[in-house]
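The structure appears right after this line, and notes come after that.
Chains here go by letter, A, B, C, D, E and F, matching the order in which they are written, and residues are numbered from 1 within each.
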Amino acid sequence: MPFPDLVHPALGAYRSAVEIPADFSTFWAETLGEARGIGGAVHIEPVETTLKLVEAFDVTFPGFGGHPVKGWLVLPKNRDGKLPLVVQFIGYGGGRSFPHELLHWAASGYAYFRMDTRGQGSSWSMGATADPIGSTSSIPGVMTKGILDRNDYYYRRLFTDGVRAVDMLLAQDFVDPERVAVCGGSQGGGIALAVAGIDSRVKAVMPDVPFLCDFPRAVRTAGRDPYLEIVRYLAQHRDKSAKVFETLRYFDGVNFARQSKAAALFSVALMDDICPPSTVYGAYQAFAGTDKTIVEYEFNNHEGGGPFQDREQMKWLGERFGMR
Amino acid sequence: MPFPDLVHPALGAYRSAVEIPADFSTFWAETLGEARGIGGAVHIEPVETTLKLVEAFDVTFPGFGGHPVKGWLVLPKNRDGKLPLVVQFIGYGGGRSFPHELLHWAASGYAYFRMDTRGQGSSWSMGATADPIGSTSSIPGVMTKGILDRNDYYYRRLFTDGVRAVDMLLAQDFVDPERVAVCGGSQGGGIALAVAGIDSRVKAVMPDVPFLCDFPRAVRTAGRDPYLEIVRYLAQHRDKSAKVFETLRYFDGVNFARQSKAAALFSVALMDDICPPSTVYGAYQAFAGTDKTIVEYEFNNHEGGGPFQDREQMKWLGERFGMR
Amino acid sequence: MPFPDLVHPALGAYRSAVEIPADFSTFWAETLGEARGIGGAVHIEPVETTLKLVEAFDVTFPGFGGHPVKGWLVLPKNRDGKLPLVVQFIGYGGGRSFPHELLHWAASGYAYFRMDTRGQGSSWSMGATADPIGSTSSIPGVMTKGILDRNDYYYRRLFTDGVRAVDMLLAQDFVDPERVAVCGGSQGGGIALAVAGIDSRVKAVMPDVPFLCDFPRAVRTAGRDPYLEIVRYLAQHRDKSAKVFETLRYFDGVNFARQSKAAALFSVALMDDICPPSTVYGAYQAFAGTDKTIVEYEFNNHEGGGPFQDREQMKWLGERFGMR
Amino acid sequence: MPFPDLVHPALGAYRSAVEIPADFSTFWAETLGEARGIGGAVHIEPVETTLKLVEAFDVTFPGFGGHPVKGWLVLPKNRDGKLPLVVQFIGYGGGRSFPHELLHWAASGYAYFRMDTRGQGSSWSMGATADPIGSTSSIPGVMTKGILDRNDYYYRRLFTDGVRAVDMLLAQDFVDPERVAVCGGSQGGGIALAVAGIDSRVKAVMPDVPFLCDFPRAVRTAGRDPYLEIVRYLAQHRDKSAKVFETLRYFDGVNFARQSKAAALFSVALMDDICPPSTVYGAYQAFAGTDKTIVEYEFNNHEGGGPFQDREQMKWLGERFGMR
Amino acid sequence: MPFPDLVHPALGAYRSAVEIPADFSTFWAETLGEARGIGGAVHIEPVETTLKLVEAFDVTFPGFGGHPVKGWLVLPKNRDGKLPLVVQFIGYGGGRSFPHELLHWAASGYAYFRMDTRGQGSSWSMGATADPIGSTSSIPGVMTKGILDRNDYYYRRLFTDGVRAVDMLLAQDFVDPERVAVCGGSQGGGIALAVAGIDSRVKAVMPDVPFLCDFPRAVRTAGRDPYLEIVRYLAQHRDKSAKVFETLRYFDGVNFARQSKAAALFSVALMDDICPPSTVYGAYQAFAGTDKTIVEYEFNNHEGGGPFQDREQMKWLGERFGMR
Amino acid sequence: MPFPDLVHPALGAYRSAVEIPADFSTFWAETLGEARGIGGAVHIEPVETTLKLVEAFDVTFPGFGGHPVKGWLVLPKNRDGKLPLVVQFIGYGGGRSFPHELLHWAASGYAYFRMDTRGQGSSWSMGATADPIGSTSSIPGVMTKGILDRNDYYYRRLFTDGVRAVDMLLAQDFVDPERVAVCGGSQGGGIALAVAGIDSRVKAVMPDVPFLCDFPRAVRTAGRDPYLEIVRYLAQHRDKSAKVFETLRYFDGVNFARQSKAAALFSVALMDDICPPSTVYGAYQAFAGTDKTIVEYEFNNHEGGGPFQDREQMKWLGERFGMR
């Protein structure tokens, strides 16, 4: 059957039952504090391309643990004044690839930064950032890397990288600190939600078919990877289910959504069996900000709105950031 | 086994056995003459987008039979003098989608035109061009539409559209007629080869993992659609094999390659089971132009070189068209 | 799970929510009138076979637009008086194949006509009828050919062909006009329902696991093609959902069922994931005729009752048409 | 790759290496003698159907061990003199189904008998004949039933049934003993070859894409069941390979082909991955009769020639049996 | 979706609707009486292995019909006094394999017997026991062998073998008749339930993810073989559904559960789509003994608890049988 | 086709073209020296089980980098004198699971140690050992973890763990240093070959269908994971092929085979599409020891010889280590 999850009206009425840990904010504040305390060097090197209308830079900045994280920065060549900023995070398994590949934000007048994903970047696009931190036993894939301890969990490092990217960018003089947006599809949407939940400098968040939301329902509803990595892990580690879900509470998009006051433009696909729509609604309904919208694509699976949603985003963000 | 076809050295030594019909050039000259005789109106309408560095236009031009064919034209906003031109054709099942999606040619200073594909545009990206011509019995898909008669065959119409797109663009004052390139991946590469083989105004052709080459071998070697549409057709129409291959000779990329003197940059993927590498080599080895190069991707299937090949193309074309 | 759809008692209680357009009858009356106005030639040529007990004829008749449509007519060799008539339509992708293949109606004393399906006949059996009318952008397959306008939609042409076949046959002196039946499986059942809904000369209709019924539910319930062609189309044409369902109302078996007073023998398979059983029940429950029966096959998928249902039909129709 | 086996010219040059056991003929003569010695009752009961041009009979006859075997006999209603006979055997997993389903032989003036297959008849059509003989350990399916001893092997019983069917039919006064043909597709073709190899009263044999030929190559070449049942059996019974192939020599279509002097019309499909074409050629090239023909279908898998081959057979057999 | 069946609380609340035949006990008493009346020879031969801590014996005993059934008996080498007994039955398609493969019961001080499964033993492990009894038409596999008559059904023979194995073992002087346990996974669990339901000498039963329970629900809920063999059979034998379910009542684990007073340790996997969890709960809830426990594995499919459940069993049985 | 690779005689004649790096021995000597220099604590804790004939111990020992690595040690309870030792390594994705699961070595009188695999142990059995070392970008799975630098590559750590396990065991007084064997299937066989190639104290090696052999051929021949992880990595990292194969030379089983003088019992499966048979033969033919044997399983895929090969090993090793 094409719909793998709830449909309306049950879908719209669904609320996530994820509980937020009492020390959720403390955990993230300490994590951030630690990463900022370690610090590290920032490198922003111009890259030679054939592009004439924009400039591209190869960026290295210190993420979690001070580990070097890569990204591409693309700016309109002719610019004056401070630019609004769009930071994009990447879907599961992908990497930053090349700067010429996604130009519509820079071509619309934004400073655009695409952050690489540590230890991924080999499945469908190429990355260049290592994840130099150990893990407990895990199935292949990162979903269960360090999942038995919230301090070891892979996404603690990756979400921290995301906030540290914002730190790095806000230190640049071409960025307007009042116009900072984050976005991404799937895992990228999950990271965007986390960064918007942790860091109140983010003024707009645009998660598309976000992953990493409402874990207890997601792992019991998804029909395909990567949520099922957790199912396979628990199929072997039959005695670790409580521990795993205790860790995941600290990384759940629903809980990040509860913290954010940014403007938000979500999208959801009703035939999505990778990120089931109820889990996206779980985050959307929990989102604390009042300027929030969700765009539905009834007949799409995880590809979601694709270029239709790009256009929605360009229009929506332009209105909020005063772009004409 | 990962390699679905010949490997080196047999791959490099392979030459296609496709025979060119005696009236090949006549057939295409007459086809073109007929389409040009019908003529039709050209509309180039600016479209409103958020893009600031480029201008986008919604183009309608008369293709085969004078039928209206759509495309997106994207130009650098600040331009002076005549621009080199890149015309891109689209892979099987796709459509022109939206103008914001592929900006690297315009951002590199080219006039860029993406031609819609008649009667496709519904499988993986959206198109807006009908194919208003009938067909004999066919399996779902266009590969066998009208395949029993060279005059009815679907690709007669589509290839003609491609040349007529060049006609339309060369009539615009912003285009430098000495710097015309065509490109495309898969079916788009097949169209590019056909247009370069029919129309000597094309100075450079960049086919990636091209489809529609060396049909007799391709339908007996491919492991996945769309070549297998022809296999399934012949599995039912068990008495029409000779007729089908007679038609296909007039549309074979190998024969178009034999006509073209343009500079050529091919790419091929050695694990490609949609467009088997020997069929790509078949066209490459037959290519008549002397400035020809082929880039190999050993471990790729039909996705080919992806952004690596984009970079190759931007550099290679820039050198030939005097872009920095 | 073996059952892809509702089971009893929910299945029996289900009623389709499809709304019939106010101008439904007008639309079809005008369509028919137009086709009849165009007219065209009928050819009935004897074919040479080894068959001794029956005679076979290769028939060409004018369908929609006067286009030539093919079919096989098979008659008992020794016959006297007027014969009852069975017209069979063919499932998706098939063609009329050869006259020797389905002989049980002629061997039971009926005039039997198998109508070819325009533009199909290449997937699982061979056809010989073209569909010479254009289409807007469509995915491979006919389900979305012209779907943006009820006048362009493929099934307008095909259903008209079906009524025109009855026109042609009723003009033959060997046919008893009081004993006309239509039948077919899957798409053939959908055509049979349409013809019985448009044309009151049809006295009996026998749709097996009929396709093309209750579109809004069907495209959201089916697990396999061809209904999913529409899903894939809408996945790309994300802004055309309302338009598509508006067109489909004019071609919905539920609405044709509401028009027919013929005797009806339906069959349905409860594990059918191509034509979900609720969509068949949707048509059955809406069927206006009072002499109606439905045979259920609990453990079958789309193959339905197969030869068991053939036997049901021969017995059921024989009783109604006074065959012994 | 579409071709799963040898292609020409290697295909045409291939000769099977199967060795015929010295006591092959003795084994079968003794087997037949034993079955005939047991004897058993024959029942030929008219069945009530709606069919008017033919008469159908439900037949039970004694097969191997005197076990009751079922079949349908269909005769033209108006007949005079003795009729030529066609006996058809059924593909793997099928049963005799209903008499109305395959009428083209009776409609062409033949006595037609379709023999049920003991212990099958439940996968794709319904049968009514048990296999009341035990087996050694076997994987699901009959391919390995009793495979460790030629006397226990399932096909010893089934092939004997086939000859005993001929015995029963030749005892009927409506059958012309000089015009006896056997046919069948896949397993049915294998049985037909066996019966023609054992019983010289068979004057014509028409095996389509025959199964059960050239076992040593077949189990190492086939891509799908049922040959792979033997592969799976040997994957567990790792020490029984020699024993298994020793048994199979007594049941190999190549060896039966070496014994037959009948006229033969084979068909083969070059993309067949169930009965690889080289194994069919293995039997064809070994066939001892001199009036032999093979029809090739290049682009078909195991469905082979379908209705095209029906037509070939009706024409070919009619010429040999003086029908017109 | 990962859960193919009911989840809690509906799962825990589910009760099977299977009705027990009035003559259920009589049927089995007569079956047993008949098998015991036939009797037959027992052979217990030491086998040579490299194992030093245990002794292994190749056992042949008379099962249903007196047919020879094989098994491995493994005993601790140093033993004194009578040993508690564990009899294990095997999952669908498997055989007894070799004695060295499953040693944890013998290594824990038990007499351990693994009974071979007649006519299986060729799919995933090797067996050595034939099923020398005929069958009516059946699909490949044993699920439908003789299914039209309770006296012919395959499982009548196999369940009888299981009780006869207990008969044979209780006749050995090293077995303590007060400490007899049966166990098995999947089909093995189904046999264990049957034996415990028929034979009150069994004091403990440990079925893991048992098969052959709650047939009417199971064949309508399972997503994979072997329950679907029955679905495929009924898809062809469309008129035999009532007869089939009448037979199955005599072999349903729910009905055996209703007869047993043994201590019971069940396990169930909530993502099991071979033996759906509701069918396991159906048997568990019906189990008549009062010392019963069920262990749930939420994230497992049919592999169930694996070594986790081994550990549960060793501890649970040790407590009940006074092992330290 | 069942055979995914070379068959005889080409298979037997195949020799690997892998070149051994000049500093191969140095690299491993330095790696070992470094690990031994770091040292670390060994813990051998008895575990409570129900097993009475053997004793089980939970072992932690320092592996590469001194990281704690786990394993199970199982000894016959009644033992006197020094025991021969069998160390087993585990296949890809698995972990050490529980001590009761594989008892045939201990039951045959050996000291048996099953080493856990760092950072795996979550796919098909449970492990308990982390891999606390970073990696460069990699696809999910360990095959490409650190693959751009021989010092970072995952298998440098794992192979070192294997030798350090032998170090730890040889320090125990119950082990006879003259009778040390290593074994394993698939990845476990690859580790066994590596340990036997590095450490001359190993007197016997028993690799079953070994993985990690003849990488350049394996990644171009395998049909399924995990070799294809490298293919997918190179499909994205299109410019890193030379670097990757340079690293892999240091970890290739062919090169380890060239160093070992142990007695060797290999097994290979001719239908294996995970570890293609030519790659196993590549290692076998290169193996330097003179007492070497290979057992072939013609009709098996990667499951190989299973319990048949267990029996071969027990017999073969017993002869060499003087077990009766």
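As a convention for this text, contacts are C-beta pairs under 8 Å (C-beta built on N, C-alpha and C of every residue); 3 or more make two chains touch, one makes a residue touch a chain.
Listed by chain with UniProt protein names: A, B, C, D, E, F = Acetyl xylan esterase.
These numbers come from a predicted model, not from an experiment.
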{"item": "Partner chains that subunit A (Acetyl xylan esterase) and subunit D (Acetyl xylan esterase) have in common", "value": "B, C, E, F"}
{"item": "C-alpha-based rotation, subunit D (Acetyl xylan esterase) on subunit F (Acetyl xylan esterase), 0 to 180 degrees, nearest 5", "value": "120"}
{"item": "Same vs different contact residues, subunit A (Acetyl xylan esterase) with subunit C (Acetyl xylan esterase), by half of numbers used", "value": "different"}
{"item": "Geometric centre distance via CA averages, subunit E (Acetyl xylan esterase)-subunit A (Acetyl xylan esterase), whole Å", "value": "50"}
{"item": "Distance from subunit C (Acetyl xylan esterase) to subunit B (Acetyl xylan esterase) - Cα centre to Cα centre, in angstrom", "value": "39"}
{"item": "Contacts with 2+ other chains: residues of subunit E (Acetyl xylan esterase)", "value": "125, 238, 306"}
{"item": "Listing of all chain pairs that touch each other, if any do", "value": "A-B, A-C, A-E, A-F, B-C, B-D, B-F, C-D, C-E, D-E, D-F, E-F"}
{"item": "Parts of subunit B (Acetyl xylan esterase) lying in touch with subunit D (Acetyl xylan esterase), wherever the complex brings them together", "value": "4-5, 219-223, 228, 231, 234-235, 238-239, 241"}
{"item": "Subunit A (Acetyl xylan esterase) partner contacts - residues on subunit F (Acetyl xylan esterase) that touch it in the complex", "value": "93, 95, 119-142, 144, 232-233, 236-238"}
{"item": "Contact set on subunit D (Acetyl xylan esterase) toward subunit C (Acetyl xylan esterase) in their complex", "value": "49-54, 76, 78, 97-98, 100-101, 103-104, 106-109, 125, 306-307, 310-311, 314-315, 318, 323"}
{"item": "Touching residues on subunit E (Acetyl xylan esterase), where the partner in the complex is subunit A (Acetyl xylan esterase)", "value": "1-3, 271, 297-301, 303, 305-306, 308"}
